[in-house]
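Think of it as A, B, C and D in the order they're written, each chain with its own count starting at 1.
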Amino acid sequence: MIGIAVLGAGRIGKIHAANVAANPKAKLVAIADPFADAVNPLAERLGTEAMSDCMAAIERPDVDAVVIGTPTDTHVSLLLHAVKLGKAVLCEKPIDLDMAKSEEAAAEVERQNGRVMLAFNRRFDSTFAEMRKAIDAGRIGDVRQVIISSRDPGMPPESYVKTSGGIFRDMTIHDLDIARWLLGEEPVTVTAVGSRLIDPSLRQYDDYDTAMVILQTASGRQAHINNCREAVYGYDQRIEVFGATGMLVQDNLRPTTMRVWTAEATDAREPLLNFFLERYTQAYRAELDAFVDALSDDTEMPTTVRDGVKALRLAECAVESVRTGRAVTV
Amino acid sequence: MIGIAVLGAGRIGKIHAANVAANPKAKLVAIADPFADAVNPLAERLGTEAMSDCMAAIERPDVDAVVIGTPTDTHVSLLLHAVKLGKAVLCEKPIDLDMAKSEEAAAEVERQNGRVMLAFNRRFDSTFAEMRKAIDAGRIGDVRQVIISSRDPGMPPESYVKTSGGIFRDMTIHDLDIARWLLGEEPVTVTAVGSRLIDPSLRQYDDYDTAMVILQTASGRQAHINNCREAVYGYDQRIEVFGATGMLVQDNLRPTTMRVWTAEATDAREPLLNFFLERYTQAYRAELDAFVDALSDDTEMPTTVRDGVKALRLAECAVESVRTGRAVTV
Amino acid sequence: MIGIAVLGAGRIGKIHAANVAANPKAKLVAIADPFADAVNPLAERLGTEAMSDCMAAIERPDVDAVVIGTPTDTHVSLLLHAVKLGKAVLCEKPIDLDMAKSEEAAAEVERQNGRVMLAFNRRFDSTFAEMRKAIDAGRIGDVRQVIISSRDPGMPPESYVKTSGGIFRDMTIHDLDIARWLLGEEPVTVTAVGSRLIDPSLRQYDDYDTAMVILQTASGRQAHINNCREAVYGYDQRIEVFGATGMLVQDNLRPTTMRVWTAEATDAREPLLNFFLERYTQAYRAELDAFVDALSDDTEMPTTVRDGVKALRLAECAVESVRTGRAVTV
Amino acid sequence: MIGIAVLGAGRIGKIHAANVAANPKAKLVAIADPFADAVNPLAERLGTEAMSDCMAAIERPDVDAVVIGTPTDTHVSLLLHAVKLGKAVLCEKPIDLDMAKSEEAAAEVERQNGRVMLAFNRRFDSTFAEMRKAIDAGRIGDVRQVIISSRDPGMPPESYVKTSGGIFRDMTIHDLDIARWLLGEEPVTVTAVGSRLIDPSLRQYDDYDTAMVILQTASGRQAHINNCREAVYGYDQRIEVFGATGMLVQDNLRPTTMRVWTAEATDAREPLLNFFLERYTQAYRAELDAFVDALSDDTEMPTTVRDGVKALRLAECAVESVRTGRAVTV
């Protein structure tokens, strides 16, 4: 059994804690969060110990690994502390909003041969995983174009926008990781445009609500991402991978397979799953299980801090491309 | 060039006349209908001669073939007159509502080696034809079950209901023909139920608005048909053919491929095509072309009066099954 | 906490036991099965006690409720023993293959006001439940026709066929329950046909591999069921409910939303989920949770032994209809 | 009746000639083409006069309008000759591959108030037209993003590539026109990337086989286009228009609605329609009819030479963007 402490008892910490508790190879040793109102009921419900100090949780001798789901600005220090003590880490994205700090953290982890997995949950969703598997199996030949449509159900609150790092670092970054992963080659140029079609006041934060990106790899493979902070029909997550001998298309996941026919419309499906927590429930579980498997089998981490740095680097390039109107070399 | 006269300038006559005019191997010699107000403008628009007497049209020396689109009770006399004169015939369904009279007509046509095609238009629809072709090509192995969903957009007027022969002879008959054709074997038993869920007053005509049928062939192949006189979402025409190594499914044809996503529903398609004239436009054209091809190539008629008799016989069995609560042997 | 013992450690017992263990309001007190090789590893894995005697498990004072997943011929005695002791029961279908014995068991449970839920798992599947909810909300008006396509992936072994009670009692029965439930009215007549298209040797067991059924209610609502023991493309579960103001259609559930385009075919989906255990994983979980909720909230059982008797009665009628070629009155 | 001469008896001229012949308000007066082998059988089949001299055809007193389907380098001279004589024109795209010459032609047409329609056939396809209508009806609110996937079934022959003007002027130009039309605002910046993933030898023509484009309008609306010269699954034409209150999605048109289920794949559709002549058959017909209607009703031309110039200008910007790696201002 692998002893795991979950750091952070907020929205994402709750999910990780429940998934650790449900994993037969892991033992949820503790949940740590300075906010007692969050951590105490969660720990009680899952039958584990509540702690207020994340550093202390890392240091416990019965803790083999930690899951970091705390606010972004604490990630690097928690992560490096765990690595220094030889503990494995599953860390939420992003490593940090600052590129240089992220780079340094990644370099330090690599220097210490740290066992750190970055939580790119989408890669573990059954459909995403099946697409990657189908590509690897040669079912569509060499990848030529990846098209990602990714839209949130509604604008985040202004308090969030202020500290989010902007649409490219906060939202597009997930799609940039998936684009890298599905292209099978590193992008070498990034072109992006941003618009304020929903909230013009985003100008004060140099931010956008609607964006498009093009990536190109050295061999010429191309990826396109379109994002919008608000889609009235719900959280929209679709992907198309076009290759030399075929194409894979991923539709949205829905709560049921029911279709409705009325005098107004035929063959209509119900609204989409609300947001990422509902859409990627299975993915979060599979991600945690993959982390535990990598530890128990002593195999490579399926995603690394380096992946996080690379996705952030692409987001930085997108920001620069919007600013300069140029294709930015990665 | 094959000289063709169209008999009947009503709804279906108009379609046949236009299709004859558009066929490069045929010449539309005349349109005949006792109602001058119907036939004159139609003939003028298509640049052909208007006649009031259908028998006279058949007898014209420049007429090689006739298309019969007149009221049902005139079909047999026109048909047999044409056959006697050695003219080919494309005749609308049904031959006659009376089983004995239909049998006699078919026997007479066969005695005289008459060249008569019965207008089972659906068989010529591109999707129906593709399904039959896929079965013939062995793509789904031996057929096991055929399921036909066939619903009209709305109740016909009472005046029509009175003389229609009832839902089984008027509406189900089309599906019975398709079931025979897709099963690839003759049904030997017919079981049916009928309900009055829309209009209880149909009881006075011994008629129903909602029906289900099961057919079984000698080897045990099965077909199910469900009908309703009213579907609020439009004219519904779907088929499933399940076989030993696969299944073919036919969806409704629609005017566009557009899908609509809103806050209320996602992936919704537009309403269906209004009714059979719109749904089977291409099929009527292909049917006429097949008739002309059979004449110009001197090949077998793709559908015969005997097919009409057999479909009517199945409809008769369905009526009897509803009345007796028994599986009726054909 | 409700103390629950699971009786039976076979395929279905394993699922129930895991679902009890995962339910936060229940405690898995014991698993009982005479086969030590089945029950011991399962009990160990789930951290509970293994027992060899089902009756003894029922009698434990810490057992408030039992889940019966043993062979069919043991259901009635276990069920009645539990009811006599005032224990609640979730019992697998069927109650018994014998109609009279099932009736007696149901009457006895009702006499004793027993708390017994019959395990009609499909009703708890999210899509099935959403369909029933949509009907109740009036989204399609009064139900007119229900069409159920339900096919197994492959023939069961002969050993199973011998004791299964035949396709109508073993396979169609699930669809008969769903038809009753979706029609919203009791069927009053049953018509059925059976064929041996896969295995002619089924004749020795008076059994069939391919079947079609029509049900009709007193007001005239109609349901059709088509079944086949073998579908090369997998476990096929589709439903259509056609009503006065709309229609609901349920497609198969699949492991991913991926579609594949190649030179041979476009927009193709992957094979279906293997069989009922995979297709209805979520339904089994929701069924167990509904049982526990009914106990903890002291509300009515969502399905009852009476439902089981009614479904079995419809299956008996279908058998008789095939034999006599008549519509059988329920 | 409007007298029309069709200039050019090649692939596209044949289609236009048949559509003129089928239009009840038009008379096909002549078909002109210097290649007797092409023009003579076509004229004979359609019952009209064959001519060898396009200029002479324009000058005929019984010609009110001409349809230009000749090689691109003859478009401008034929077009301007017709306009000078007061004849209406339906001209195939592009006006000319040279931007300056196209601009001059457009200016000349406008100076003379010429009645010239440029043949942007896709706008007349029933699904494209329904999308524009749905946007105009406010069904999805203000447009935010347009995504166009447009791929050809296979590489054109080298002889064609040499003179085509390159992928952006030859292929992307159709999508650029549709993007302008669906955005409802003029793009102000163009960003593009090009790759040689199929045929590296395209480098000698400064051409590409795979391309992506982003357009942005003054208010910030965005469009993305992805193109490839070769899609193994056929001619791929899909569009998504995402707006403030909904989204419209256009799937490919197919010859039938049949879906195939086998042990390998389920719900598969047949291959796509072969190429643009098959995919846009109905659109070519509707385009010609719209031209004739505009003439007979004396209304505005639905598309103009100016539209052609604007699409070509966007293609030029795309070429420049690929070359410079910059967003190019239109």
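Keep this in mind: a contact is a pair of C-beta atoms (placed from the backbone, for glycine too) under 8 Å apart; a residue touches a chain by one contact, two chains touch by 3 or more.
This structure is a prediction, so every number in the text was calculated from the model and none was measured.
A.B. asks: Which chain is most remote from subunit C in terms of Cα centres?
C.D. replies: Relative to subunit C, the chain with the farthest C-alpha centre is D.
A.B. asks: Hey, how far is the Cα centre of subunit B from the one of subunit C, in Å?
C.D. replies: Centre separation, subunit B to subunit C: 42 Å.
A.B. asks: Between subunit A and subunit B, what distance separates the C-alpha centroids? Give it in angstrom.
C.D. replies: 57
A.B. asks: Enumerate the residues of subunit C that touch no fewer than two other chains.
C.D. replies: Residue numbers touching two or more other chains: 232-233, 245-247, 252, 260-263, 267, 270.
A.B. asks: When you draw the chains as points and link the ones that touch, which shape shows up: line, ring, star, complete, or other?
C.D. replies: Looks like everything touches everything, fully connected.
A.B. asks: What does subunit D use to touch subunit B in their complex?
C.D. replies: So the residues of subunit D touching subunit B come out as 22, 24, 45, 126-127, 130-131, 134, 139-140, 245-253, 255-263, 267, 270.
A.B. asks: Across the complex, what residues on subunit B touch subunit C?
C.D. replies: The contact residues of subunit B facing subunit C are 141-142, 144-145, 147, 149, 151, 189, 191, 193, 195-198, 210-212, 214, 216, 219-222, 224, 226, 228, 231-233, 240, 242, 244-247, 325-327.
A.B. asks: Which part of subunit A faces subunit B closely enough to touch in the complex?
C.D. replies: Its residues touching subunit B are 232-234, 252, 254, 260-272.
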